[in-house]
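Presented sequentially are two complexes of subunit A, the first with subunit B as partner and the second with subunit C.
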Partner chain A sequence: MSLYFVTILTNMTLISFIAISAYLILIVGEVSFGQQAFFGIGAYITATSTTLLGLDIVIALFFSFMVSASFALVLSVLTVRLSGLYFAVASLSFAELLRLSLYKIEYTVETSSGTIGPNGPEGFQNIRWIFENNISPENFLVIALSSLLAFIIFLIFMESSKLFKNARLVGKDQIVAQSIGIRPFFYRVGFITLAGGVAGFGGGLFALFNTYIEPSMFGIMLGVHGLAYSIIGGLGYPLGPLIGVFIDIGLLESVRFLSEYRMILFGGLVAAILIIFPEGIISPRLVSRIKRKLVKKTNA
Partner chain B sequence: MEYIQISIDGILYGSSYSLIALGFSLVFGVMRRINLAYGSSLLLGVAIALWVENKLNTSIIFFIPIVLFFCSLSNLYVERFCFAPHNTKAGVVVSMISSFAIWMQLDEISSQLLPDRTHSFPSLEISTFEFGGLFFRGDQILNIFIAFIISAVLFMAVYKTKYGIVLRAVSNSADTAKLMGCNTNLVNSLTFILAGILGGIAAFLVLSTESQVTPLFGFWCTVKGLVAMMIGGLGSLTGAFWGGLLLGLLEAHFSYQFGPVFREITTFSILLIVLIIRPGGLMGVNIYKDLKSRDERI
Partner chain C sequence: MLELKGLKKLFKGITVLNGVDISIKQGTKIGLSGGNGTGKSTLLNIATGFLTPEEGAIILNGDNITHFEAWKFARLGIKRTFQKVRFNEALILKEQLYTSDEMIKRNLDMLKDAGLIDYLYAFPNEVPLPILRKVEVIRALLECPRYLFLDEPSAGMAATDLHEFGEFLKEHIDADTCLVVVEHRMELMKKIDANIIELRDGKLDNGNIIA
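Moving on, here comes the complex of A and B:
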């Protein structure tokens, strides 16, 4: 595998974490424009724990997950009365506030390998975990891909659980959910928190892979890409978000002559896909239709 | 005296926000939809107009209608592509995402049309004047005046004309309006064209006070217009006007006290606080008490 191909695949894997976190929030019926901030927070936490504190990568990523999840918890509790459009705009403003406050964090330490630590608008430089541990790009891809697969398998496994079915009902119709004794509050808070954690975990991997992060990387465009991926992919199945990632990065960015017009093409493509498939490519309806067919086959 | 000067600067700067928020408010008021591609459709209109002007070398009097024409054209494109196919109740969120995707597309086209970072924009060249030791920028005074006139004219148009009755009928219940014989499709398209003309005026005035245009203008327009509208009250025309001025005032004071990063931080903090405490906006309906907004779950 060429290095170019490995880099593309790793980027696809990392951005899939944002797509999955957007997907989790979409399940409970909300749209978040703010997942990029949790991604960014996760990146900063992992960078700090591996360089400044010298912690193990597993613990660092766990910290990223927990800290991002707790910020997401704050967001979900603050916006508990909001929904739809209002929640979308509130999540956007919360994310931008988090990102802008990263510009104000300055704590640098001089080491033999250069300056490390968050340095306001200059960003966080010299995250040397990959070099110190001699991780080749292929090995890093394996690490990232296997953790992504672990999340997806977990989600597929959970898909048939009562928890997820209730959450989908909350997303579909809160009043019906309430009338059969489901409390939307807990599902909303839980899923938004989990989504923040997943985004933070991906952000941690992103920091390790990129070796350099700065606040402007976690702007609104990143979050919207993640959201667009999961919307065009559809809400039927956890693999949906990956289809969106594949269409954008795998198809448009990696093909050289298209990449110059990538944004123009992708923007138009998303709008066109939404006209043809308003619920995304793998819509819940499609999934239930396939399931019914499978059941018929096994019965016959 | 210093504080008074800052307040004046802030309010005058806020007039740009008001101008843009009015277009947002018009679209939201009629369609109950948020057009996130509004800012970049204005940027695209301006970019095409500048490109045309470079070819033709016209005077500023011809330049204004060119800007208005292309702004309304790009708005119509957004409406046909993102909003017309999703006119059902389930389409609220889908059309928002769709308009977001088109935002990226239009921004990219504009930056291809304007390859440099900044481009000069024809300025109206109205001088600054002094009054009682305070300085006023003439072009910003013109902005605030025009923003006030536009909101008044829109208010009259929505509440006193026949077109306004149709608009309000569609806004109230699109299905009922359709049954009564209104062509809702046409009304929606006309609203977007009107918002495009409005936005064209706004973009022209804002850019001529800055006397330059950058590819970031689309993003700036969308964020500031959205915040100003949300502060003032969703879909309320007077709310959009006052929300813009209030945002400008607060931003000026906070950025003076704490530094330029706080201009943005103020914008988003105010938005978050308003959304948490009174999501309908300061002058809008209380969405917790208003049954209609509660049912719509927008």
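Moving on, here comes the complex of A and C:
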């Protein structure tokens, strides 16, 4: 496989973490424009853990997950009385607050391989984990894909659980949820927190792969893309966001010759898909139809 | 016992409930009647935790639960259905019972009587309204509520459907469960032998009745 394809696939894998994170929040009925901030925090935590603290990658990514999840927990508790448009705006404000704070964090150390540590607007340079451990781009793709697969398998497994079914009910109709004894607050906080953790984990991998990060990389467009992938792919099944990523990045990359017009194509593509599939490609209704067919086939 | 004491509720300065007192014992069947806009649904919403009264208290077995959230009322055994059936159009009915397969098997008779067996894998828009109304009741009954409030269950039902619905309630609501039906149509009230209480001018008729 050429380096070009490996890089594209790795980028698709990494952005899938933001798409899944947006998907988890959409399940509980909210739209977040702030998942890019948790991705950014995750990136900074892994960068700090592997360079300044010399920690193992597993521990670094675990820290990224936990710290990002903690920030998301704060967001979910602060916005407990907000929903819809108001939550969307609050999530964006919170994300920008976190991202702009990264511009103020300066703690650098000089080493033989250069300056390491967060350095305000200049970003975090020399994240050399892949070089120090002789990880080839192909091997890194395997690491990233395996991590993504682990999350997806977990989500597919959980999809049939009472926890996820209740969460979907909270997202669809909080009144019915409450009438059968489901506490919306618990699911909302839980899923927003988990979503922050997933984005943070992806951000950690992004920092390792990119070897250099800066606050401007985690702007709103990153979050909007993640959200769009989830909506395009549909909220019926955890594979939805991945399909969104595949369609969009796959298509955008295949029309690279259109240069700056590609983003116009992206907007048009999102609009066209949502006209044809208003609830995304793998919609909850489609999943229910497939389940019904499978049951009928089994009973026949 | 569920006690509603001195409930007052205002909407935009207009008094809807003006001191409602009622004590509901477990096992009683109550029909709450009254004209449009008399506050029947408001009273039901307060009794099930979906609205908070301006004044008054809700006491369950001696505990004041007035300011509990609706989900906590449900967990304490106070369940309800809705005037307009509430289903997710994208899910089959079996998934909208929000219960396990084992629980469904255990309550198969109730599902059969509701005519739900043939519609377990149907989407709500493929199912007749009387069956959807029963599904709402089943959804509440599966957790064995102590108090069940039905908000105008006969809305949109023909007389024969209403008769069947009444039979269904009589057959499947435990003797220990208190049933409160907010209803205009007397046929259903009679069918379930309900004590009829009328809400008028924000108060229950004949002063305040103890059921």
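FYI, the second predicted complex is superposed on the first by the 294 of 300 C-alpha atoms of A that agree within 3 Å, B and C clash if a C-alpha of one lies under 4 Å from a C-alpha of the other, contacts with A are read in each partner's own complex, and residues count from 1 in each chain.
Note that in this section a residue touches a chain if its C-beta (ideal position, glycine included) is under 8 Å from a C-beta of that chain, and two chains touch if they have at least 3 such contacts.
None of the values given here were measured: they were computed from a predicted structure.
J.: Answer with first, second, both or neither: which of subunit B and subunit C does A:Lys296 touch in the superposed model?
T.: A:Lys296 contacts subunit C only, not subunit B.
J.: Tell me which partner A:Lys165 touches in the superposition: subunit B (first), subunit C (second), both or neither.
T.: After superposing on A, A:Lys165 lies in contact with subunit C but is clear of subunit B.
J.: Check the residue A:Pro184 against both partner chains and state whether it touches subunit B (first), subunit C (second), both, or neither.
T.: second
J.: By the touch definition at the top of the document, which applies to A:Ser283: first (subunit B), second (subunit C), both, or neither?
T.: second
J.: Check whether A:Leu274 is in contact with subunit B, with subunit C, with both or with neither, and answer first, second, both or neither.
T.: The first partner, subunit B, only.
J.: Would you mind checking which one, subunit B or subunit C, touches more residues on subunit A?
T.: Partner with more touched residues of subunit A: B.
J.: What does subunit B use to touch subunit A in their complex?
T.: Per the touch definition, subunit B meets subunit A at residues 34, 81-82, 85-86, 90-94, 96-98, 100-109, 112, 226-227, 230, 261, 264-265, 268-269, 271-272, 275-276, 279, 287-288, 296-298.
J.: Which positions of subunit A touch subunit B when the two form their complex?
T.: 31, 78-79, 81-86, 88-90, 93-94, 96-97, 100-101, 103-104, 174, 221, 224, 227-228, 231, 261, 263-264, 266-271, 274-275, 278
J.: Which of the residues in subunit C end up touching subunit A in this complex?
T.: 48-50, 69-72, 74-75, 79-82, 86, 88-92, 95, 98, 100, 121, 123, 139-140, 143
J.: Under the definition above, what is the set of subunit A residues touching subunit C in their complex?
T.: 162, 165-166, 169, 172-173, 175-184, 236, 279, 283-285, 288, 291-292, 295-296
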